[in-house]
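Next come two complexes, and both contain subunit A; in the first it sits with subunit B, in the second with subunit C.
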Partner chain A sequence: MSVYDLLIAPFADFGFMRRALVGCVALSLSGAPIGVFLILRRMSLMGDVMAHAILPGAAIGFLLSGFSLFAMTTGGVIAGLLVALGAGAIARSTPLKEDASFAAFYLVSLGLGVLIVSMKGSNIDLLHVLFGNVLALDDAALILIASIATITLLALALVYRLLVAECFDPGFLKSVGGSGGLVHFLFLTLVVLNLVGGFNALGTLMVVGLIILPAASSSFWGETILGQIVAAAVIGILSSFVGLVLSYQADLPSSPAIILTAGAIHAGSILAGPRGSYLARAFRPRHLRG
Partner chain B sequence: MSSDPAVRCSDVTLSYRRHPAVHHLSGSFAAGSFTAIAGPNGAGKSTLLKGIVGLIRPDAGTIALEGVRRSDIAYLPQQSALDRGFPMRVVELAAMGLWRRFGPFRRMGGAAMRDVEAALETVGLSGFEDRSVGSLSGGQFQRALFARLLLQDSRLILLDEPFTAIDARTTEVLLDLVCRWHREGRTVIAVLHDFDLVREYIPQTLLLAREQVAWGPTETVLTEENLARSRRMQEAFEDDAELCKRPAA
Partner chain C sequence: MKLKRFSLALAMTLSLGGAAFAAEPVKVVASFSVLGDLAAEVGGDHVTVTTLVGPNGDAHAFEPSPKDAKALGSADVLVENGLGLEHWLERLVSVSGFKGKAVIASEGVTPREWHGDADEAAELEKDSHGHAVDPHAWQDAQNGIIYVNNIVAGLSAADPANAADYKANGEKLVGELKTIDARLKQEFAALPEARRKVVTTHDAFGYFGAAYGVSFIAPEGISTESEVSASQIASVIKQIRDEKVQAIFVENITDPRLLNQIAQETGVKIGGELFSDALSLADGPAPTYVKMFQNNETQLLSAMSGT
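What follows is the complex of A and B.
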C-alpha cells in the first residue's frame, strides 16, 4: 500500500472523511487554548465534569425533538451553565468544597441524562450521544463547530491579558480593580460551548479528550502560554488526522481512535518532549533547575 | 500630586477562611511611613495586608485609605501564593505592573516596553526578559515581582514577606529598593519575619498576635517583653502554634 493510499486516499475518496477531518481540526483549534487555560487554572478535571453536565440538557433536547442539532445544543449549553453556576454557588455558601460540589452535580447529571435518552431512544441513540459520530457530520453540525471555534478564538484574544492575569495572580487582578469573576464566568461559558460543539462529533465524553490531552501534552513542548496553545493545536490536529486514518484503515470506531492517538502522543511527550520530560531531564545539567 | 497616602484602621476585625484572624485593630499607618508588621505565625499579618488592599472585606470596623485609591495600591503577595512554574516570560510578568496605564485591552507600545526593560535593569534582571518565569530561581522570581511593583509606581506599597526564602544578595538589592521608596516619601508596609532586619532598617513596627500587641517606633515595640507577650497571646489562640524564630539578644 502506497503512502497515498494509506494517508490521502481516505480523504480524497470520501466526503464524510473530509467532513470529519474539518470538524476535528476546528475543534482542535479552539479546544487548544481552552484546554491550556483549564490546566493552568488547575481545572483539567472540570472539563470532564462539564461534559457530563451537558448530557441531560442535550438529552432533553433529544427527547423533545429527536436528533435536532439546535434543540440538543441549546439544551446542552443551558444545562452546562446551570451546573457551573449551581455548583459554584453551593461551594461558596456551604462548607462543601468546590470539587465535591461539582462531582455531586455531574454524577446526578449523568444519571439523569442516561435516563432521559433511554426513555425515548434506543441504545444506539445513547451511544451516539455519549460517543458521537464523527463520520456523520452534516453541514449544520460543521457550521456549528466552526462558529463556536471562531467565537472562542475571538473571545479569548479579547480577554487574553485578563485571563492570564487571573490564572497567574488573581489577587493582583482584584487589587487593580479587574473583575476576576466575570472573566471566570466567560471562560466557563466558552468551555461549555466547546464541549457542546464537540459532542456532535466525538460525543459528550470523548470530546473532553480532544481538549485536555493535547493541552496536557503541550506543557512538554511550549515554554510560554502562546507556545503551549500552538503546540496543543498541532497535537490536536495531528491526533485527529492519524486517528481518522487508523479508524478507516483498521476499521476502528473513530472517536476512540482519535482520543487514543492523542493519548499516545501524550505518552510520547512525557517520555521525550523537549521540556521537563524524562528524556529532557536526563540530558540537562541539574544546576539549571532552580 | 495628591498628598501622601495613609491607612487608618478603626476597630477592624478580619477573617481568613471564615476564622477571625485579626481582632479589633485600631491605629494608623501615617503618610510616608515605613512600617513592619511582625508577629508569630498565624498572627493575622498577611490577612491585614489583604484587608488593606481589598482582597478581604472587614467583618467589622473600617479600613480607610487617604490620598490613594484602593486600585492604585501596589501589593506583593507571598511568593508561595503564586505558581512559580507558570508559562510566562519575565517581561510579561513585569509588564503586568503597567495595568493602571494600559488596562486589559490597550496595546503596550515601544515606550512602555522600554519602561519595563528599565525596571528589570533596576532589579538586576537585564537579559532575562525572554526567559520563562519557570526557569528563575526564587530570588530572581522575587526580583521580577519587584520590577512589577516598580512599574506600578504606587504611593502606597504593601509587601507580604518580601525577603522570605530569598538569597542574601537579592535581599540586599530589594531592601535597598524598598528603602529608596521610603526616602521618596512613599508609604510602605511590609510583613516581615526577621526581627534583626526590622530593627536595623524599619522605623515603625506593628507587632500583631491576632490583636495589636504594640504599634509605634520599632525600638519601643520590639522589646523582649512585647515579644514574649505576643507569643503568649498567640498560643492562647491555638495550642499547637509554631513560634517565630527567637530574636537575637
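What follows is the complex of A and C.
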C-alpha cells in the first residue's frame, strides 16, 4: 500500500472524510487556545463538567424537534450557560468554592440528562446525539463549527492580554480597574460554544478530549502561551488526521480513534517532548537539575 | 417438544372447546403484530385478540412480562409464526399454563435459507442441512395465504360453531392477498432488473425478494450495536457505486445525518420506511398485513422507478 493509498486516498475518494477532517481542523484551531487557557486557569476538568451540563439541553432540543441542529445547539448553549452562570454566581455569593458549585450543577444536569434519555421510548437516537458522529457532518454543522471557531479566535484575540493577566494575577486586573468577572464570563461562554459546536462532530463527551488533550500535551512543546496554543492546534489537527485515517484503514469508530490518537501524542509528549519531559530532563546538564 | 405441546393442546381443546358458548368470544393470543392482524381479520366479532409483541416491536428480542403470561394462560388459541421466530415463546407457554389450541401459522410454507446476520442465525431453527431457516415467511403474499388458511383451520377447530364465518372472512382475505401478489409480481417484472436493487439493513426481505424479483443487498459491515467506523461508511458507499443501487432503505443506521451524507455522496435515494417484522401503529402507514404490503410496494416502486 503506497503512502497515497494509506493517507490521501480516503480523503480524495470520499466527501464524508473530507468533511470530517475540515470539521475537526476547525475544532482543533479554536479548541487549542480554549484548552490552553482552561489548563492555565486550573479548570481542565471543568471542560468535562461543562460537557455534561450541555447534555440535558441538547437532549431536550432533540426531543422537541428531532435532529435539528438549531434546536440541539440552542438547547446546549442555554443549558451550558445556565450552569456556568449559576455555578459562578453561587461561588461568588456564598462560601461554596467554584469547583464544588460546578460539581453540584453538573451532577444535577447529568441526572436530568439520564432522566430525559429514559423518558423517550427508544433512546438509540439520543445516544447518537450524545456521541455525535464526525462522519455525518452536513453543511449546516460545518458552518456552525467554522463560525464558532471564527468567533472564538476573534474574541480571544481581543481579550488575550486581559485573559492572560487574569490567569496569572486576578488581583492585578482588579486593582487597575479591569473587570475580571466579565473576562471570566466571556471565556466560559466561549468554552460552552466550543463544546456545543464540538458535540455535533465528536459528541458531548469526546469533544472535551480534542480540547484538553492537545492543550495538555502542548506544555511539553511551547514555552510561551502563544507557543503552546500553536503547538496544541498542530497536535489537534494531527490527531484528527491520524484518527480519521485509523478509523478508515483499521475499521475503528472515528471519535474514539481521534481521541486515542491525541492520547498517544500526549503520552509521547510526556516521554519525549522538548520541554520538561522525562527525556528532556534526562539530558539536562547536571548543574541545572532541580 | 412442539409436537407434544400441540397434541396436549389438541386434547384440551377437544375436551373444552365444545363447551365454548357462542356469546363468549374466543380468546386469541398472537405472538406478534402481523399474526395479530390476521387473527383479528379472520376471527371478526367472534374473537378478542391479544398481541404479545405489539406494533413496531421486535419479535426476535422480546422479553415477556407477567401480563403476557396471564393473557396466554387464559387464552383459547395461540397463533405463532414458527420457523424459530419466537424462541421466547416456548418458555412463556410452559409458565403460563396455556391449555388452548396452538396454531403454527407458517405450517406448510417452503422455508428459505437465512441470508441475514450471522449472529442472529445462531438463534434460528435449522433445516435438515443444518442451515438456519429464515422465519420471515409472511413477506411473500403466497405464504400469507397459507398463514390465513392455517388460522382459519385453527379458529374453526377451537370454535366449530362459527367455522362458516371464519371460512368466509378467510376467503375474503385470501382474495385480497391474491390480488396483491399478482399486482406486485406484475409491477416489479415491468421494471428492468438493474433497477430492482436496493440496499437495506432489513434482513427480513428474503421471501419478498425471491417472490417478486427484488435484490435486497445488505450493506457490508454495518451492525446495529457498534458505533460505525469510517471504513464501514466507505464500503457502503463503494457498494452503492459499484452495484448501481437505486435506493437505500436503512433502518439501523439510526442517525439520519449519516444517511443523508451517504445519499449526498452517492446520489442514491433514501427510501421511506419499510415494514418487515412488525406492523405500524393504527395511525401509521402499515397498520394491517395488507396495508404493510401496500406500503412496502409504494416505497420500493417509487424508489426504483426514479420518480
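Everything below uses one rule, namely that the second predicted complex is superposed on the first by the 281 of 290 C-alpha atoms of A that agree within 3 Å, B and C clash if a C-alpha of one lies under 4 Å from a C-alpha of the other, contacts with A are read in each partner's own complex, and residues count from 1 in each chain.
Just so it is clear, a residue touches a chain if its C-beta (ideal position, glycine included) is under 8 Å from a C-beta of that chain, and two chains touch if they have at least 3 such contacts.
Quantities reported herein were computed from a predicted structural model and do not represent experimental measurements.
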>> Contact-wise, after the overlay, does A:Phe168 reach subunit B, subunit C, both or neither (first, second, both, neither)?
In response: first
>> Contacts for A:Thr74 in the overlay, against subunit B (first) and subunit C (second): which applies, first, second, both or neither?
In response: neither
> Touch check for A:Ala136: first (subunit B), second (subunit C), both, or neither?
Replying inline: second
> Is A:Asp251 in contact with subunit B, with subunit C, with both, or with neither (first, second, both, neither)?
Replying inline: second
> Just subunit B (first), just subunit C (second), both, or neither: which does A:Val159 touch?
Replying inline: first
>> Quick check for you: in the superposed arrangement, does A:Gly15 touch first (subunit B), second (subunit C), both or neither?
In response: second
> So, A:Thr189: does it touch subunit B (first), subunit C (second), both, or neither?
Replying inline: neither
> Now for A:Gln228: first (subunit B), second (subunit C), both, or neither, which partner does it touch?
Replying inline: first
> Between subunit B (first) and subunit C (second), which does A:Leu40 come into contact with in this model arrangement: first, second, both, or neither?
Replying inline: first
> Common interface residues of subunit A with subunit B and subunit C?
Replying inline: none
> Residues of subunit B touching subunit A in their complex?
Replying inline: 50, 53-55, 70-71, 73, 75, 77, 81-84, 86-89, 92-93, 96, 99-100, 104-105, 132, 134-138, 140-141
>> Using the touch definition from the top, list the residues of subunit C that touch subunit A in their complex.
In response: 221, 226-234, 237, 254-258, 260-262, 264-265
>> Which stretch or stretches of subunit A touch subunit B in the complex?
In response: 40, 158-159, 161-162, 164-165, 167-169, 171-172, 174-178, 219, 222-225, 227-228, 288, 290
> If you look only at subunit A, which of its residues touch subunit C in the complex?
Replying inline: 10, 13-17, 19-20, 67, 124-125, 128, 131, 133, 135-138, 141, 244, 247-257
